[in-house]
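Sharing a structure, written as structure tokens. Questions coming.
Here the chain labels run A, B, C, D, E and F in written order, and each chain numbers its own residues starting at 1.
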Amino acid sequence: MRPSGRAADELREVKITRHYTKHAEGSVLVEFGDTKVLCTASLERNVPRWLKGTGQGWITAEYGMLPRATGERNQREASRGKQGGRTLEIQRLIGRSLRAAVDLKQLGDNSITIDCDVIQADGGTRTASITGATVALVDCLRHMQRNKIIRNDPLVQLIASVSVGIYNGNPVLDLDYAEDSNAETDMNVVMTEKGGFIEIQGTAEAAPFDKEEMDAMLELARKGVNDLLDLQRKALEQP
Amino acid sequence: MRPSGRAADELREVKITRHYTKHAEGSVLVEFGDTKVLCTASLERNVPRWLKGTGQGWITAEYGMLPRATGERNQREASRGKQGGRTLEIQRLIGRSLRAAVDLKQLGDNSITIDCDVIQADGGTRTASITGATVALVDCLRHMQRNKIIRNDPLVQLIASVSVGIYNGNPVLDLDYAEDSNAETDMNVVMTEKGGFIEIQGTAEAAPFDKEEMDAMLELARKGVNDLLDLQRKALEQP
Amino acid sequence: MRPSGRAADELREVKITRHYTKHAEGSVLVEFGDTKVLCTASLERNVPRWLKGTGQGWITAEYGMLPRATGERNQREASRGKQGGRTLEIQRLIGRSLRAAVDLKQLGDNSITIDCDVIQADGGTRTASITGATVALVDCLRHMQRNKIIRNDPLVQLIASVSVGIYNGNPVLDLDYAEDSNAETDMNVVMTEKGGFIEIQGTAEAAPFDKEEMDAMLELARKGVNDLLDLQRKALEQP
Amino acid sequence: MRPSGRAADELREVKITRHYTKHAEGSVLVEFGDTKVLCTASLERNVPRWLKGTGQGWITAEYGMLPRATGERNQREASRGKQGGRTLEIQRLIGRSLRAAVDLKQLGDNSITIDCDVIQADGGTRTASITGATVALVDCLRHMQRNKIIRNDPLVQLIASVSVGIYNGNPVLDLDYAEDSNAETDMNVVMTEKGGFIEIQGTAEAAPFDKEEMDAMLELARKGVNDLLDLQRKALEQP
Amino acid sequence: MRPSGRAADELREVKITRHYTKHAEGSVLVEFGDTKVLCTASLERNVPRWLKGTGQGWITAEYGMLPRATGERNQREASRGKQGGRTLEIQRLIGRSLRAAVDLKQLGDNSITIDCDVIQADGGTRTASITGATVALVDCLRHMQRNKIIRNDPLVQLIASVSVGIYNGNPVLDLDYAEDSNAETDMNVVMTEKGGFIEIQGTAEAAPFDKEEMDAMLELARKGVNDLLDLQRKALEQP
Amino acid sequence: MRPSGRAADELREVKITRHYTKHAEGSVLVEFGDTKVLCTASLERNVPRWLKGTGQGWITAEYGMLPRATGERNQREASRGKQGGRTLEIQRLIGRSLRAAVDLKQLGDNSITIDCDVIQADGGTRTASITGATVALVDCLRHMQRNKIIRNDPLVQLIASVSVGIYNGNPVLDLDYAEDSNAETDMNVVMTEKGGFIEIQGTAEAAPFDKEEMDAMLELARKGVNDLLDLQRKALEQP
């Protein structure tokens, strides 16, 4: 039995709200239950120095958590003077994942910065971030096409991400904080529309996991990602 | 004529939403038109070192802006490795103002940290922050009384804040970004329920201002603050 | 009765010593009683990136306090690795004020950096800094004219600054440390020769202040600034 | 055909040299071909603040690369003023992995810091680090038992780590730099003596990978880890 | 012929002004010609952690240069966020030298921080700093005796410092900036009243120097230090 | 009697191993007894901004110590966020010394960065670094000539460095840690093949030293440096 009463293969209620703020080229509030992340995509009309002259664009991500997004207040990274290891690890993951969704050569001399800021945290902030940021990214790409900044759609495929884990000995989908902090194993999976894997990061928290558990978790992830992709597509059909 | 079509003494539409996030002891989304700030109050059961043993509590504030809260994306302060001068100036102002609303000796050995994070910026983020943070602070004080952490209500008075300025030669209330970036003078005023001044910060942006303009601006501020105090009181009457 | 025995509208003894050090284009030691600040103006023959090509110059200020300028030694900001919020707040105020004294378009592709370093502190370091820095700035502008770097005098008006406050219930001019640390209200005022306001920053330290007190303080400030402007003009008449 | 001429399931020549430096409680030079990492384990007779009074010990890791360990010189992180995201990500991985090898409750009020410093890099520095650090950790635990700092052996199991990937469409074991920089997929696997997984981090560099490729890679990893565990055991049998 | 017209063994005009600022326990303005350094000694009634319980005190030094102490403005170290290598090297030298002048065991549980801040630079700032700081230190020790903080005088001996060098092939004493920036060799010497060496730091700037030149420089240093010690003693005889 | 049993004028066993790592243009492991430093020389095909257009090259050095190179683990400077004063002092010394060995005008628009990383410390790390780095530098210069990057050999002279000191009242050569931490005086000397001095840095640790002791130490240093120069030349004769 899960603390939330959900079935083992059941996502939390997921909401994807586009145009959440007015300035960004893409702005999405994504909610996985009580986890709420604001994902914005910001267009910049140049590229990092090491890409100048190559005709290739770039996508990068930054991640942050409001100090009181969590049960206990965390010190503000800006006042502490540096981003923590967890933050850097997560924003590297988000950036790598989103770059895999896009043909960077079609971006031209343009960069897109994805900001994922956690308004409220209840487990799964990195998977919610990737799922929401993908939608913000698509809005930004559409903006670029509408404004003739690029001619073709650089999107190769939608991607989505979900966590899976072993909780009380059972594989479960989309862990909330109550499960996450007690899980034996925690795994974040990023997948494409065609079922390919972009990222798998599995960690044994309390006990090593075996191949059978691994396979069960990946099967759950596949189901969860498919549900999320449906929600992304539905959100993107709105004007 | 103001860009927004408002009368000279007219506030933008102001909304105060309490309990906006679930973890903080006080959590308020305050909106001054398109300016949206999330204000949380976090209780900590101890005091800074220099207050230990005095029986007096403390209130401090931190301010941040999401990178794409503005028309152009700003570099994330956490990745830049330090808070800018504007940020520090604003959070010092917020902290001083809120401490003036409370009898710190009634707080006991407790600290409250106010976080004001700007989700979307359209001028007046510091005055919206102070106005919203006051409500979050009251919710935190009520939480402390409900949980017997303190016996008496330490609130001395509500405070609220609004900007005034000289725009196209005329004194106006509650400048939005279109006005703020072209005003001759910009003044932020923090006032109490009894009409006392807590803070006045006036800056001549384009031309010096005279005593007459000053008086006109302060009169507008008084009206605006009274309206804001009404909205705070109404919000606090809700459960 | 003031601790120093001064009348309510009486400045401390103010001295302005030009050419205090030999390298800077303008170098002034300003003394407001025991408060001593070395203000230098340094010319640089280029402008910040965002002004390149506009033909407009720039003025910026930095503020520092020697570690033992005060009764208790403060940690050196250079060894602490960052400037504190108070320092940043003050240097932003000095920079804004001095830019209001000058027509930046007449400066050409040149920048002037004002350094205000407090040798000894006894209250009012920011107002002394602005008052002394104005004289150092004029010396730098004269240097630029003498050396044909600019053709016209970019000075629009002299500015000066003084603090006022409510001490023991009475409005007083030019607070020293003994008053400043016990004042009910502290206000810093920057004014022009023509009586216009450049900056007003008033803070209720112990109790809110009302409009009447505000007016009384501004009247004192006007008198004090006029006296300071006289002293600046006298100093600038020397060779 | 692999650039090195190795078979798909063939490790590079691996050497584990214990007692490589004289001061540390455990000091191992580990070589995976041309990748050379010095792993030291340093005992400290106390624990982080959040563990005080729990009777539980702690293991943490730090990772660094000498500036010219690589083909192009990298800026020294100490002079740049911060550790990069890649460094933080790797040292968090090493720390988590090693903590999974030990019963921290048996460590008492003691901490062990693992330093993994890359002398020469040719791909696979993080997997070599984990494999070598495990041996340094065992030497440190033996030192603690010999000196009666702990009574029982806290080692639960040896762990080892190896990279696998898809190179030119084929799953290969233990990628060197030539392969790593051109692989379609790169996966780092940490496993126990009993065949359990501690960490799996797989990244699609050029193209998504499917379940079949995943299974093939994990099978290669299992073989590689078994070989590495043999080498660890042999090294630890020496005096 | 030296640029200043001085004889090879002639110091610049040296002035030592005690009680230069009012807050510090020792405060000395030292002038070596146009080089002017404010040296303050600040007493703190405790010791660094690693000396707690030993009954031994500590002396440490910090060095800074005002941004426009030099011909070209230098970036403020506080705003750059760190002290440069030259600054750290100099303050380590000052600290070591002053500790050699005092019997730290006689200091009790007290620390003295020496701040040497260069108001105007014209070569020899580190030797002027040591010479002036010694006098400020003595004033601080006298303050401690007067206030019964210590019973005995911890001063073992006065120390003083001067630079010597090879300029145009000739050994010269007390180099000013014009010489220093063109010298073949630059050497800073710290000596005691009894003629012992505390520090010798010689650097070949343009050409290696030989033993004969070394001996000639040390002979000049001995003469210069003796003159400086006389000036220190005369200054300390004043009330 | 020295702790190591060496004669007063006897070096520790010194080994110079070239081509120690494979990527750098020069890579030398230097051992002075148990002190082991890896010195690499990295060529970069450009110069610092202030040398652009002058046709002159540059040599700079960085120094680091692995955290557990010493008996007690030191905090990693990269994680502490800055290099300490000792580190900066040493790398400035190494850089100055090596620049004195080379005619920078012959280097063309090229820079060489010397990294000295201490693998194991037992006293004398800075003198071992300079001695080893000189050999790495020569290998880098040879590489540049072989690859026609420069036409002539810019090496003016070999340099080497050794420490001398007063231990138990007697002058001794090449202090190891046991001596260094108890020496009355510690002096580091850098000399050329022709017997000229490049750097002398002598510090009285426990008692001032006199001219006679100074002369005796310099005589020992001359002998030690000659032995080191022989070892450098022998190492450089190998292919």
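Note that in this section a contact is a pair of C-beta atoms (placed from the backbone, for glycine too) under 8 Å apart; a residue touches a chain by one contact, two chains touch by 3 or more.
Please read these numbers as outputs of a predicted model, since none were measured by experiment.
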- [ ] Just tell me the minimum hop count from subunit B to subunit E, counting one hop per pair of touching chains.
- [x] 2
Open item on the list: If you apply the touch rule, which chains end up adjacent to both subunit A and subunit D?
Closed with: none
Open item on the list: Tell me the fewest steps from subunit D to subunit E, where a step is a jump to a chain it touches.
Closed with: 2
- [ ] Please report how far subunit D has to rotate so that its Cα atoms sit on those of subunit F, a copy of the same sequence, as a value between 0 and 180° in steps of 5.
- [x] 180
- [ ] Identify which chain pair among D-F, C-E or B-C reproduces the interface of A-D, meaning that over half of its contact pairs, matched by residue number, are the same.
- [x] B-C
TODO: Going by C-alpha centroids, which chain is farthest from subunit A? Tell me that one.
DONE: E
Task: Distance from subunit D to subunit B - Cα centre to Cα centre, in angstrom - done: 50
Task: Chain centre separation (subunit E, subunit F; CA means) in Å - done: 28
TODO: Can you check how far apart subunit B and subunit F are, centre to centre, with Cα atoms defining each centre and the answer in Å?
DONE: 59
- [ ] Pull out every residue in subunit B that's touching 2 or more other chains.
- [x] 81-82
TODO: Write down the ring's chain sequence, where subunit E leads and subunit F follows directly.
DONE: E, F, D, A, B, C
Open item on the list: Quick check on the complex: what are the subunit B residues that touch subunit A?
Closed with: 21-24, 27, 34, 36, 38, 40, 42, 44, 62, 64, 66-71, 73, 76-83, 87, 113, 115, 117, 119-120
Task: Residue ranges of subunit A touching subunit D (in the complex, touch as defined) - done: 82, 84-86, 88-89, 91-92, 96, 100, 187, 191-192, 194-204, 207-211, 214, 218
